[in-house]
Amino acid sequence: MNYKILLENARKNIKSCRVCQVCDGKACKGEIPGIGGKGTGLGFIRNYEKLREIKINMDTIYSLQEVDTSIKLFGKRFKYPIFAAPIGDVKLNYSDFFTEYEYQKAIVVGCKNAGTIAFTGDGVKDYVFKKPLEVIGENDGWGIPTIKPWKKDEILRKIRLAEEKKVLAVAMDIDAAGLALLGMQGKPVSPKSVDDLKEIIASTKLPFILKGIMTVKGALKAVEAGAYGIVVSNHGGRVLDETLSTIEVLPMISREVKGKLKIFVDGGFRSGLDVFKAIALGADAVLIGRPYSIAAYGGGIEGVEFYTNKIGGELHNTMIMTGAKDLNSIDESMVTIVK
Amino acid sequence: MNYKILLENARKNIKSCRVCQVCDGKACKGEIPGIGGKGTGLGFIRNYEKLREIKINMDTIYSLQEVDTSIKLFGKRFKYPIFAAPIGDVKLNYSDFFTEYEYQKAIVVGCKNAGTIAFTGDGVKDYVFKKPLEVIGENDGWGIPTIKPWKKDEILRKIRLAEEKKVLAVAMDIDAAGLALLGMQGKPVSPKSVDDLKEIIASTKLPFILKGIMTVKGALKAVEAGAYGIVVSNHGGRVLDETLSTIEVLPMISREVKGKLKIFVDGGFRSGLDVFKAIALGADAVLIGRPYSIAAYGGGIEGVEFYTNKIGGELHNTMIMTGAKDLNSIDESMVTIVK
Amino acid sequence: MNYKILLENARKNIKSCRVCQVCDGKACKGEIPGIGGKGTGLGFIRNYEKLREIKINMDTIYSLQEVDTSIKLFGKRFKYPIFAAPIGDVKLNYSDFFTEYEYQKAIVVGCKNAGTIAFTGDGVKDYVFKKPLEVIGENDGWGIPTIKPWKKDEILRKIRLAEEKKVLAVAMDIDAAGLALLGMQGKPVSPKSVDDLKEIIASTKLPFILKGIMTVKGALKAVEAGAYGIVVSNHGGRVLDETLSTIEVLPMISREVKGKLKIFVDGGFRSGLDVFKAIALGADAVLIGRPYSIAAYGGGIEGVEFYTNKIGGELHNTMIMTGAKDLNSIDESMVTIVK
Amino acid sequence: MNYKILLENARKNIKSCRVCQVCDGKACKGEIPGIGGKGTGLGFIRNYEKLREIKINMDTIYSLQEVDTSIKLFGKRFKYPIFAAPIGDVKLNYSDFFTEYEYQKAIVVGCKNAGTIAFTGDGVKDYVFKKPLEVIGENDGWGIPTIKPWKKDEILRKIRLAEEKKVLAVAMDIDAAGLALLGMQGKPVSPKSVDDLKEIIASTKLPFILKGIMTVKGALKAVEAGAYGIVVSNHGGRVLDETLSTIEVLPMISREVKGKLKIFVDGGFRSGLDVFKAIALGADAVLIGRPYSIAAYGGGIEGVEFYTNKIGGELHNTMIMTGAKDLNSIDESMVTIVK
């Protein structure tokens, strides 16, 4: 496996995504279906660009110890704090190359083989939720299904399906609440109150992760609702145009809720340095979306494993260059926010 | 009706405007006649660009109620706080496709059908004022004629003409006061003192709106003169080059005069998100100019109605994504000014 | 005369300068000989760009009076505070189209006809100083010769020549002090101490202007030396690369020395709005360089007169749009510095 | 010798480097081997770009004295504070044009002839360290070998080799500590503790310079370890992507350790003005890397001497334009940090 060849293969196998040199949201802006950000595309683009404004403070005068990149979550230890973000309905958004099952298998098993874990997606059509769940079931529950904010019965039904597969945790992308298109196809979504969420979360013993938090207020409501964790996310810029980037709201949110729940973040993370920055600014772990699809289309299970180790290796190297021996040692003093 | 086809038709029917992917003032800079900003074009360009620096704070954890986008003004209720800005003499500025009457009918009736209202224009030649007034008369006074700052007699004469048509309100684009070209054609314009304006405003029972306010000082003088409202506007960058953008002076002006008169704003607003931002920063309603012309040339009455509902729908969606149940609920905490 | 044709003619008659749509120092950067800024060209480019960050605060609610753009200097009244900056040795820097005498005649007489005045240049070869002086002599001393910081005897000799022609004032571009090239051609220049300058200034009854001041410290030394005025100038970026822009040091300098001597400024001024900005930020008058050459090559005497009235007209219009009845009424409250 | 021809020759003789008009890290980003910055290349690019934000405060009103650009270091006086940065293994990174010996001879002798000194490099293969050392030996020890942070024995062995050649000083690029590639080739590098460094530094009487300091903390550790000097450096962006630029950390570091050890800096310095800026912000001297290679490939020994005098001449001129009579007179008041 070689990253250059992986990218070349991905270019052949994907129709919508150009597999740009830099995945920054510019070429694909406005392309939905497809993989772009909504409208001006600035939600996606800003995610990438604001990460460029976090710089690493290099210091190699220290006594080297073994560097440990692992993290413990849901009672399990993962090799890196790097997880695949939920992406679904891939024939619609990417190409005909993979069936939903094949795609999700590449992602779920590739992450598992690399020692991390994948979030999986949901959609109007039932197979978008069920196919990844099938793969997760075949892999001892090693995956995190993500449910859209449907009507309560539908949510609870899907949580039950997930429990049957003994998944490690379950998530809800609450920021999909404004997708009127889903309602037009007969499956309305809507915002959920703290009470709604309390009831949903209380219905399962699974750790419950709320994805799509972009404000301190939202994060505090997630704590109140009893969530195991949040994903600071603007849905890759696909549900609302012109939001802030996730990396700029992360420190504000972390300052308020760190320790009360786990903080994941996604949006434009493209290297192990970016993962390092997120952790320095208060995240526990990072989700990566579009590049994982490229890895899957470019190299299948192996490609996903390779990509995870590539990003993980970069994180490891950044820790050496800053003197951080484990994830807990990565702190704000190791980065500088510029401009 | 479909926005892509509307834009394609507009490209065919307009001569001066390129109907760019993004209407940001760059391609047409300096083109007067035509639809550009004056000189460097930076007045228009900055309007668009500074709006990009207002971000929406997404939060979908709340209990959903019916979302109400309507606003009451002049004793009437409008479906959205989105009005067409005055544009006139369209053969000169756009193309031969429409007579003045046909163009203004598309705008006035299209807005009315969508539940909002159009401002109409004025010029050296009498038909530029009278043709839209004719349309407004045919539609129960559903329109707001805008008079240039001519000599007092001429202004009063035009107010009388407007009253005869039972218009809902009347406006004056006081920022046209420096257009020497009008004087050269025998119809001089000039700045007006607060006393001048008091006399003009006192001459009619119609709500009187002063368009072209860009400073707190100017807004306070409008209050003193007894205006019903102001339009924070730099005339789309067409009367003075290198002004500030309207969105950056809006909060300063709103802080001083909110509640004392109605605050409209125009300049570079291109989406329902932009309308949301204006309201969050203190506007009551938004005027949109050039894109309404594109809608008219691209789809006539229907195009204008379609466009209004498109922008209104985006406003509605943004309110869902932030938890604002009506326009009064939209406040500064729902946006972040960046950069 | 028409500005478009003037520019087209200039494009034909000049060899080095591209007569760009916008004269901002980018196309010609590093071109010396030629008309570019030195090195990276950033001294010139920044002059233009920082002017874009000064915005005009439009307000047309006031009682209009006659607008007066005139200024009194050297006991004379000028129609506008807009003067031609010294440019010399035009065969070297522009093209063979004009002899030095022809070029300087276009500039000196054109400015005089428009009611303003031109500064003229100096160089290693004597004709660069003497030819413009000849033109000034033919026009009742209506011009300001600018002398390089040569050895004292040479400076005094040139002041005497200027006095013979009854010039209105004399200037020295003290920022040419580092041009080693001049020394290599046998005519060394050097910095001058306050005492040196006192002696030089005391040697003549002519008002003496020090050109090339970029710091408060330098301005205070000019006051101490007894200068009539200073020109805040970085020599169009041609004597030292990577200085600040003149518009950004102007307010600091003005705050310290305003009223103690006259403050001129040059560097990237391209419109009457730019002139307005300089005056709002503390200048008494503005010098314009390269665009005057374009006017001369594009239209001779008439071109220079036309150009002066064009810029002056823009200043006049800006005063109407802000309510400034004369130059003294233009103050800092009428502009906003952004970014 | 002529700089234009030097550049043209360099373009012929180098394979990897495009010898751009401006050497700013953009064209070659990510090219390793080659001469680019790592990953996004932003470490290199930012070095160049942040230097553009330091402006020179021009003032030529003063009494001129002889300008002295020289500096005393290691008990020797150098004509300029401008040294060649260590670059090695040139067949791998540049082209086949030079053997390692030929290249290093051009650099070492060219610098010596110009009155300054060169740092030389190190690598996995022994000749990368030994060939330049051979040249230094042939030139009375006039050079500074730079050793990678190998295992201690290897470092001490190389220091002994350097001592035998009577070099003026020895350096270690401690920021190479994360280059896993070296370990894969059987020569592991690693971070060094203060105690490690104390032992290494105590092992020799040579002045010891630690290269690759980017934080105040790191600089204080270098003081504690007994270093003669540090090089504020991000290794031209080649060891860790997305660091700060060196010019922006320099003032912070200088404020803490100036006077306790010598402060060198490298990264994107391209002119004598840039050297002036570094000294104004607290550096004692500057290292220049890639442009020295271009000088060597473009003109051999003579090219390197020519280039050194070119940059030194620019420094000299900048001192005239600011009134600095020697390096100690260059202070923070002579520059302005903008943006």
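Letters are used for the chains, namely A, B, C and D, taken in the order the chains are written, and counting of residues starts over at 1 for each.
Criterion: a residue touches a chain if its C-beta (ideal position, glycine included) is under 8 Å from a C-beta of that chain, and two chains touch if they have at least 3 such contacts.
Owing to the predicted nature of the structure, the values given are computational and were not obtained by experimental measurement.
Among the remaining chains, the Cα-based centre furthest from that of chain D is the centre of B.
Between chain A and chain D, the superposing rotation on Cα atoms measures out at 90°, rounded to the nearest 5.
Chain centres here are Cα means. That of chain C falls 42 Å from that of chain D.
Separating the CA-averaged centres of chain A and chain C is a span of 59 Å.
Of all residues in chain C, none touches two or more other chains. Viewed as a contact network, the protein chains form a single closed ring in which every chain touches exactly two others. Touching chain D in their complex are the following residues of chain A: 22, 52, 54-64, 271, 273, 317-318, 320-321, 323, 336, 338. Only residues 39-40, 42, 149, 174-175, 177-178, 180, 190-197, 210, 212, 214-215, 217-218, 221-222, 225, 234, 239-244, 248 of chain B touch chain C when the two sit together in their complex.
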